[in-house]
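Report on the structure given below.
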Amino acid sequence: MQKGRLEAFSDGVIAVIITIMVLEMKVPHGTDPAALAPLIPVFVSYVLSYVYVGIYWNNHHHMLHATKTVNGPILWANLHLLFWLSLIPFVTGWMGENHFAEIPVALYGAVLLMSAISYYVLSRCLIKHDGRESRLGSAVGKDFKGRISVVIYVVAILLSFVDRWIALGLYFSVALLWFVPDRRIERMREP
Amino acid sequence: MQKGRLEAFSDGVIAVIITIMVLEMKVPHGTDPAALAPLIPVFVSYVLSYVYVGIYWNNHHHMLHATKTVNGPILWANLHLLFWLSLIPFVTGWMGENHFAEIPVALYGAVLLMSAISYYVLSRCLIKHDGRESRLGSAVGKDFKGRISVVIYVVAILLSFVDRWIALGLYFSVALLWFVPDRRIERMREP
Amino acid sequence: MQKGRLEAFSDGVIAVIITIMVLEMKVPHGTDPAALAPLIPVFVSYVLSYVYVGIYWNNHHHMLHATKTVNGPILWANLHLLFWLSLIPFVTGWMGENHFAEIPVALYGAVLLMSAISYYVLSRCLIKHDGRESRLGSAVGKDFKGRISVVIYVVAILLSFVDRWIALGLYFSVALLWFVPDRRIERMREP
Amino acid sequence: MQKGRLEAFSDGVIAVIITIMVLEMKVPHGTDPAALAPLIPVFVSYVLSYVYVGIYWNNHHHMLHATKTVNGPILWANLHLLFWLSLIPFVTGWMGENHFAEIPVALYGAVLLMSAISYYVLSRCLIKHDGRESRLGSAVGKDFKGRISVVIYVVAILLSFVDRWIALGLYFSVALLWFVPDRRIERMREP
């Protein structure tokens, strides 16, 4: 089975996710700068989520670039990843409108955690399909960055009840960690 | 006529459908877990509909993979299927916000029923175009799973006025039944 | 310049237009059939607009299938067509929510009229680029169906102030007229 | 790395942006022409933004047509451009609903300015990747039109506090300036 439609469908879903998030920034009624003030946390949340969804699109792009064909389990692992990504606009809106209150911040982390786990599952399905000896398999290997992200998300979710700003700082840190596309896959492609 | 744009357009419409459903989960105003409680039925409805739309995308993908070209009636049969799928966000929202009341549950089933029928019509148009002796024709054959789904939907719609939880259970059962992509087409593709 | 991205972008825009129209059907609060009653004109409007957008996608598909490359004016003629199509969700919602009042019905016709004119302009740009002797040029020829539609829209807009049901009937008639994909182009493709 | 998915994703995001802008035109409750009157500035804002997003899609199309492969920095420069474009529906709505008040007009210009800068950054990334001696590099050259646009945006933002109609006039002027697709790249493609 060719990967073309899987890529096209994922591009479509991620394009809609990244764009409807901006709908959570409701147009304010006033016209003075003060009218924009309550939107600042909403905007900060939007930027963070935009970067995260951008990272997922980027890495999804890289990972599928290194593969050739797909099968049934891969289709579902991909839909599973898109499911968690589709919840990002909801938790972004909840977190932003409530000025980073504890529980919304924790739930935001939980959605990031589930997205990371489902991305990991998708990568395992792809490697299983391609063979561990394949370019993708040997490149991703133990997936250190994926594992450390999961640990940081769990810590951040727990810490969000102690100090939500630390939790938020950790979310930004993981985003930075992933900002650079996966060198392992990138390196693999250069021979 | 090539099938490329039919696939691309269907991917686009299904991607938008699957993503705008999440807009029905309105961001709550409170920040405590209790604020999320009324969203639980909305979330459960979202998960069910997400799985259904995912199944349709998956099967659509498989079915069109087994075909080569399309014609006018196929374009319209496809638009007809997308029409019923486009109503899923509406009935999902109505069912979820009303905590699975009888009539919304029945209407949800009616949209699933019409989607199944229009999918069946599309498959017949494709087989007619490809020839009953074609790979697709011999693979789909009598389409047992499609017919049993229609029967279950009709039973569920009627039962939703007796006990809506049974109806809902039946919707989940059909989703499970289809979760595995169509073995018949899959088998056919193996040489 | 290849036509691939023009097709992909148009598919994306039309997919979003056809899907966000359904957002105008606001989920009702009650759960009895009476709660759905006010939605009937909204639903009828949705069906009519869905068929129209489907026709435009279908004909756009056929017309671009018969062409090979595109140029700057074609890109803008296409964006111009998409502009008028993008107004269809707005006029659909206005007409449906106001139970087919005179002015919304007339404005709906005006958007259909502008869509038809911009489609005609696009077809002329394509023929000019391809050459009047080309397959597309000789196939479309005088474009009788396009011209008669424009006349009917103008008549319907004027009649909507006399009897809006006649206007609505005319809109449905033109949809029927176009329902069959363009035989001229279809015939042309047969050797 | 092939440019196919970058184009498909950008097409998807721009298609959603251009279409959700129309959602800011809320369906009015009345049915007389007076009910449409408050929508006139919203409509004018929509037209202006539609033309701008259309110009960006057109130029993006041209620029990527002249390139062959992409790399990591190009992916992020492209996401950066899409980020600013994704804010256009928000500022369009704010400006339109407030009948072109000073601060919304200035903020609208700021988003246009950032879009122009991020487009410029993307073009530099593409030229750096392709080589200054490449077709793209020699064609874009000093990018006079890009630089003059940035200057006009800055002037317009400052003037919006003096006379917002002049600012708005300047936004329309830049749109006109870019309306014609980039002759330099177009010319380059001619042998």
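In this document, chain identifiers A, B, C and D correspond to the written order of the chains, with residue numbering beginning at 1 in each.
The criterion applied here is as follows: a contact is a pair of C-beta atoms (placed from the backbone, for glycine too) under 8 Å apart; a residue touches a chain by one contact, two chains touch by 3 or more.
Keep in mind it's a predicted model, so treat the numbers as computed, not measured.
Novice: For the sequence-identical pair chain A and chain D, determine the rotation angle of the Cα superposition and round it to the nearest 5 degrees.
Specialist: About 90 degrees, rounded to the nearest 5.
Novice: If you list every residue number at the chain A and chain B contact, are more than half found on both copies (same) or fewer than half (different)?
Specialist: Mostly different residues: under half of the interface numbers shared.
Novice: With chain centres defined as C-alpha means, what is the inter-centre distance between chain C and chain D in Å?
Specialist: Inter-chain centre distance comes to 26 Å.
Novice: Roughly how far is chain A from chain C, centre to centre by C-alpha average, rounded to an integer in Å?
Specialist: 37
Novice: What are the residue numbers in chain B that touch two or more other chains?
Specialist: Counting only residues that touch two or more other chains, chain B contributes 8, 12, 15-16, 20, 23.
Novice: List the residues on chain A that touch chain D in their complex, please.
Specialist: Residues 7-8, 11-12, 14-16, 18-20, 22-23, 25, 27-29, 31-33, 36, 47, 50, 54, 57-58, 61, 65, 179-181, 186, 189.
Novice: Give every residue of chain A touching chain B within the complex, in rising order.
Specialist: Within the complex, chain A contacts chain B at residues 1-2, 5, 8-9, 12-13, 15-17, 20, 23-24, 72, 75-76, 79, 82-83, 86-87, 89-90, 93-94, 97-98, 101-104, 107.
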